[in-house]
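Data block below; observations after.
Letters A, B, C and D mark the chains in the order given here, with residues in each chain numbered from 1 onward.
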Amino acid sequence: MKIGFTPAQEQFRHEVATWLTEQLAGPYADLRGVSSHTAMVERRRVWEAELGRARLSSVGWPVEWGGRGASLAEQVIFAEEYARAKAPARLNHLGVELLAPTLLTYGTEAQKQRFLEPILMGKEIWCQGYSEPNAGSDLANVATRARLESGPNGDEWVIDGQKIWTSLAAFSDWIFVLCRTEEGSRGNRGLSYLLVPMNQPGITVRPIREMTGHAEFNETFFTGARTAAANIVGAPGEGWKVAMATLAFERGVSTLAQQMDFTNEFDTLVAAAQANGQALDPVIRQRIAEASIGLAVMRYSALRMLTNAESGALSHEAYTYRLYWGVWRKKLGELAMDVLGPAGEYAHSDVPAIHDLQHMFLFSRSDTIYGGTSQIQRNQIAERALGLPKEPRGI
Amino acid sequence: MQFAFTDEQLMIRESARTFLDAEAALPAVRAVSATSFGYDAHLWQQMTQELGWSAIAIPEVYGGAGLGFVELAILAHEQGRRLLPSPFFATVCLAAPVIMQLGREEQKAQWLSAIAGGSLKAALALSNQAGHADIGRVASTLTRSGADWVLSGEAHFVVSAADADLLLVVARVQETGVKETAVAPSVRVVAVSPKASGVRLQMTEMLDVTRPMSSVAFDQVAVRADALLGLDVDASAGLQRALDQARVVLSAEAVGGAEYSLEAVTAYVKERVQFGRAIGSFQAIKHRLADSMVLVEAAKSMAWYAACAADESTDQDLAMAASQAKSCCADAFNAVAANAIQLHGGIGFTWDHHAHLYFKRARASSMLLGSPAWHRERVACGLGLGSISSALQF
Amino acid sequence: MKIGFTPAQEQFRHEVATWLTEQLAGPYADLRGVSSHTAMVERRRVWEAELGRARLSSVGWPVEWGGRGASLAEQVIFAEEYARAKAPARLNHLGVELLAPTLLTYGTEAQKQRFLEPILMGKEIWCQGYSEPNAGSDLANVATRARLESGPNGDEWVIDGQKIWTSLAAFSDWIFVLCRTEEGSRGNRGLSYLLVPMNQPGITVRPIREMTGHAEFNETFFTGARTAAANIVGAPGEGWKVAMATLAFERGVSTLAQQMDFTNEFDTLVAAAQANGQALDPVIRQRIAEASIGLAVMRYSALRMLTNAESGALSHEAYTYRLYWGVWRKKLGELAMDVLGPAGEYAHSDVPAIHDLQHMFLFSRSDTIYGGTSQIQRNQIAERALGLPKEPRGI
Amino acid sequence: MQFAFTDEQLMIRESARTFLDAEAALPAVRAVSATSFGYDAHLWQQMTQELGWSAIAIPEVYGGAGLGFVELAILAHEQGRRLLPSPFFATVCLAAPVIMQLGREEQKAQWLSAIAGGSLKAALALSNQAGHADIGRVASTLTRSGADWVLSGEAHFVVSAADADLLLVVARVQETGVKETAVAPSVRVVAVSPKASGVRLQMTEMLDVTRPMSSVAFDQVAVRADALLGLDVDASAGLQRALDQARVVLSAEAVGGAEYSLEAVTAYVKERVQFGRAIGSFQAIKHRLADSMVLVEAAKSMAWYAACAADESTDQDLAMAASQAKSCCADAFNAVAANAIQLHGGIGFTWDHHAHLYFKRARASSMLLGSPAWHRERVACGLGLGSISSALQF
């Protein structure tokens, strides 16, 4: 157990930092500090391609697929430097961080050939179609149907139903969708994992305005939407297994990038407290210190989790991680507003820090809801990690 | 000692609830929030002229019903349940008590009668740019100009000021030629017309769209001697009592919001099915709602007691009760409204759902007239824990 | 709604205060400030009798049974003055506050004649036999059996089983016991509520040492213990109903006395904070203020509850009260220890305040357990007050 | 960067757990707590002489195994699981690091070798009567007496001092004829024999019976110049590092206690039946245990990182990590142990049950070497929030 980096790793850090600084001071200066997931989409596509060419789109991927086969330590370094350079939020993070590892594990050779390179180069942006209005916490309750039909373009899946909370859907090229492909099946059986092109008449996207005032999520409607029969990951009926694997990748190296965002938010908060004098309030100081402990905990829990993931089974800290950060960030949001005081109540502040912290405060209310509520997380911890009896399903 | 509503009080609550259930449904609240002054003038007319809400706590001699803060708190509680945007808080619960405490007889006769009759809307300009509720930190000053005065400075977070007929401005007296000393400066409240020369008023858009606020700047505004509330003596004590009375009413309003928030989410979890069961049958949900209910009931006990204190107690006892209530009820409303979002799941996070309106109102109310932490520090002083030169500012 | 007292009530306050001051400065000076429930038992019996003679044992009882038929306001006044005078903890509080009201409601005339006066005069001390090792949270799981037998002394109930957490059992004269009187019955059916004399060979009391180091609770073993057939409250099989009524009296005026204890504890804590300088710590100040809010909340919730109880049904605040004070006092204990700092870690402090606060801290851990855990309390609030679905029993 | 135990570290943990499972069952712990010095001397001999625990982090040149704080933390974690009373913390985790940081070569050679070999038990006398862990607040003073020194004053909460062979005493230098100034006084650490004339030691009975403590009074104790650790220069920096290292180990020990506490109550709720179900099947219980597990895992991440920092980081980075860990792990242990009492129900509240021993240890450890609040304030300073003249004292 060691926290320091080797000279070779520090050399890698230097290389990455230099490259990022050059890009973001030069041709991509307009993208520096762009943190919104919905802003400057076209420019960020170009940036994704730039990363891909530099083999920095996903340094952990195998070399044959355009990565660098980087070690965990190097991935940590990349995430740190990416954040430090204030490089823009990754446009295709669902493709890079969730779908690509899923394809690397469950995809056919043809699927890897077809999909990985466009992901890497930012040519095809992906979104995720899991939740439905009646399949929120109870994800296995998916009702969106797909059936295989023969037609002029060969066999195709035809999809009908509705997905919700599909972030990025408005400008995604593809969506990975959990569908019910066995008629009459219930629960997590009879589901399949399909890859569906977004740009077709059978798909309609409707933005959902959230309490932040922005529309970061969407509803996505499928009305006879189509995709080629080959665009299924895993066998028909194996969708649940594949979807769960995808979710598990949320606990992967993408957590490092997320943590860097958290660190930036924390730093913004500290700066705001210093600016308005709240940093000298002993009560606020206790809470800021507590938040800093949470940051440290998340960092080292993620490293434990990633190290342990290399050896297979999901370890204890991996079960607790999702719940921990959701609760932490919600508290950070409350702290931020207490630091801002009444000035934080203005809807449109000229001060970027106030705007960012407000948005974080409001958005963080969903951090204990999406991707499995805190209640669901606690169930999973209790049942899977502590071995307590399962919750009875209703009758 | 009788710690339950009288029949008359129950009737007031009942009729208010019936009225607001009919008139202040959520779509209506959203709609009026978007209008220029952020409230429904017609509804306000009904409240004041048909229902007599603005008269309820004003002495009979000024044309009021002669009741007290318990009754005001009841009405605020009911409006809180519906997040009703209206000048009620600013005019009836904040400005009227200030006039009651500080006004000369002829001022009371003039203004309180007009408020009771619904023809006057007033607002109190107190907070500085940072939103401090401390009287000692006001950002407006009065300087003498012969027998009269000149008002300069600014005030922020002024509730319902945009179309008020009268501004009551809290200002420090700045004696010409005298350096500011360590002694707390003398404070006056002056009545100013929003249309007076040198007054600039700007509405500010708030996260909580249901309680409009403005910033007001005063640029060498001429103030006649008789525009001073009361005589030319320090107004701090009377002002403090009026502020504490307003805090009590605000607490009751918060309890109303919390109560409604809890009722709505309780109804939702009985209907929403996941895993083949109403989610309200899961213990995790049940216990979170039970905790919310504990908070609501605690806040009620605190708020109703404080309402009694606003009528019956000494300044010192009222200060304690008001700060305890403000802290307790604000914390409860924040927690209950947050929990309601959580238990609604994704839908509770959307703009079109009511949950975020309550959540935002809860926080906005927390910050108005002193944050929970500020009030707890005040309670600590009141308990005799001694004074600290605290960095606590809100 | 009014918080002030009338002149007549203030006169009553003066009378009570004068009497208590005279007694506790004079003949009972040795009892002043005795707060332990197990200390100076014989002297406290004498004190109970003194209270009884002055018709102050339970001012709210009807005049015919030795009370004063006092109004709620007067009962509040009595509780306040009793605490202010530092009068000793009531030895027979289970008799006075729980059993007596139960008898007044469900007892026969003969039972009232037989039992009320000795309770009032402190001649017979009572304890409570509800919980069992396997009937804790699940009180309806009572296994202690009683059967009616004829014998030389006429018909008698013969009782076998074990009760636990019986406070005061070591010096009680009687116990009210929840027993299973219908063989083969389950749950809350087939139970009866018996009054049993403690001083008999069939009963053995074994103290339980708690984490405080003291033994405030006991185990009580019944081995062919006997009581007359007439000593049953309510009909056979109605025991659950009567026992629940007794529990409801815990929400009665006895809460006022308890609150005065809480106020004393809070004052001790504040004094300790002032003595060691912690009162100037802004973080501690926030927590002390918070605790003071809790005290106010409890006081006014109790008054709401008692006022509403006069009109019948248990109101919302009554459901929440038990949970509120348990949680509040546990927090107060933690605050006390934080105020004391390392000095609070000494097991035997010469400073009475430190000792008392330590004991409160440790004992308060049981405040969310006995008489229904916080978990049970939350279930009840959710199901009875909020109308949420009931928890399924196991199969 | 490698954030997982090496095979060697896993082996150390494994063998420690096996040993302690066999030797430090709860009845044994209770029994030794009641003995005169509060620990099992035979077990201590095994730990030091057979298992080499006291040598593990001592450099090879002084007869140690040359490993570091990660390994010490592993051993402390395992002892924490069992609440094992032993001189391990005082001697190996507190005194040895102080000697390492401050000692002259010959002192290290003498004392570290003896500690490694198990022949020397040492204790650090630091805290004043109020239990402050601040170096600046020590209640012992050194005055010069020719080339030598005289030690006077007192120390409290001295862990495992009762039969220590060596006391390391932190004292302020009081220059004769020089008034105390605002400048922090210079601090030294001196080695004193508990048997020296003028040293009076008294064991103090603690709520936590598993970690014996003493108060020590120094009445004009003659101290030779060569009993000073290091040279006659301020010892603060080195002492601070050693204290931070000890705090890290203490944090790992707390994590062990929390971990065991959670395991035990988890096993209990799987067995205990109420309402016809194992109570562990109720969501209320499951979620409370899930929350406990979140705390335990968070504390682990923090503690192991801090253990690395104790070996690898600069003083400043270590100070931050140590304070974060001390606060985080203490809070976690307190909460988890409290929750364990709650979920055991009545039985968990009895003297004979183990739950209260963990609960009391948790709080006692919180108060040792700085409370959670004290450490958070230190973190706040470290984050650059500026310095406040805080009333925070613990």
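The rule is short, and it goes like this: contacts are C-beta pairs under 8 Å (C-beta built on N, C-alpha and C of every residue); 3 or more make two chains touch, one makes a residue touch a chain.
In this text, all values refer to a predicted model and were calculated from it rather than measured experimentally.
Chain centre most remote from that of chain D: B (centre = mean of CA atoms).
Mean C-alpha positions place chain A and chain B at a centre distance of 42 Å. Taking each chain's centre as the mean of its C-alpha atoms, chain A lies 54 Å from chain C. Computed from the mean C-alpha positions, the centre of chain B lies at a distance of 52 Å from the centre of chain D.
In chain C, the residues that touch at least two other chains are 280-283, 286, 375, 378-379, 391. The multi-chain contact residues of chain D, meaning those touching 2 or more other chains, are 277-278, 281-285, 287, 373, 388, 390-392.
If each chain is drawn as a node and touching chains are joined, the picture has every node linked to every other. Residue ranges of chain B in contact with chain C, taken from their complex: 1-6, 9, 70, 266, 269-270, 277-278, 280-281, 283, 285-287, 289-291, 293-294, 297-298, 300-302, 304-305, 307-309, 312-313, 321, 324, 327-328, 373, 375-377, 379-380, 383-386, 388, 390-392.
Contacts from chain D toward chain C in the complex involve residues 127, 129-131, 156-157, 204-209, 273-279, 281-282, 284-285, 338, 341-342, 345-346, 348-353, 355-356, 359-360, 363-364, 367-368, 371, 373, 390-394.
Within the complex, the chain B residues that touch chain D are 282-284, 287, 388, 391. Within the complex formed with chain B, the chain C residues making contact are 1-5, 9, 72-73, 76, 270, 273-274, 279-280, 282, 285-286, 288-290, 292-294, 296-297, 299-301, 303-304, 307-308, 316-317, 319-320, 323-324, 375, 377-379, 381-383, 385-389, 391.
The touching residues of chain A, when paired with chain B in their complex, are 131, 134, 136-138, 141, 164-165, 208-211, 213, 276-278, 280-283, 337-338, 341-348, 358, 362, 365-366, 368-370, 373-375, 378-379, 391, 393-395.
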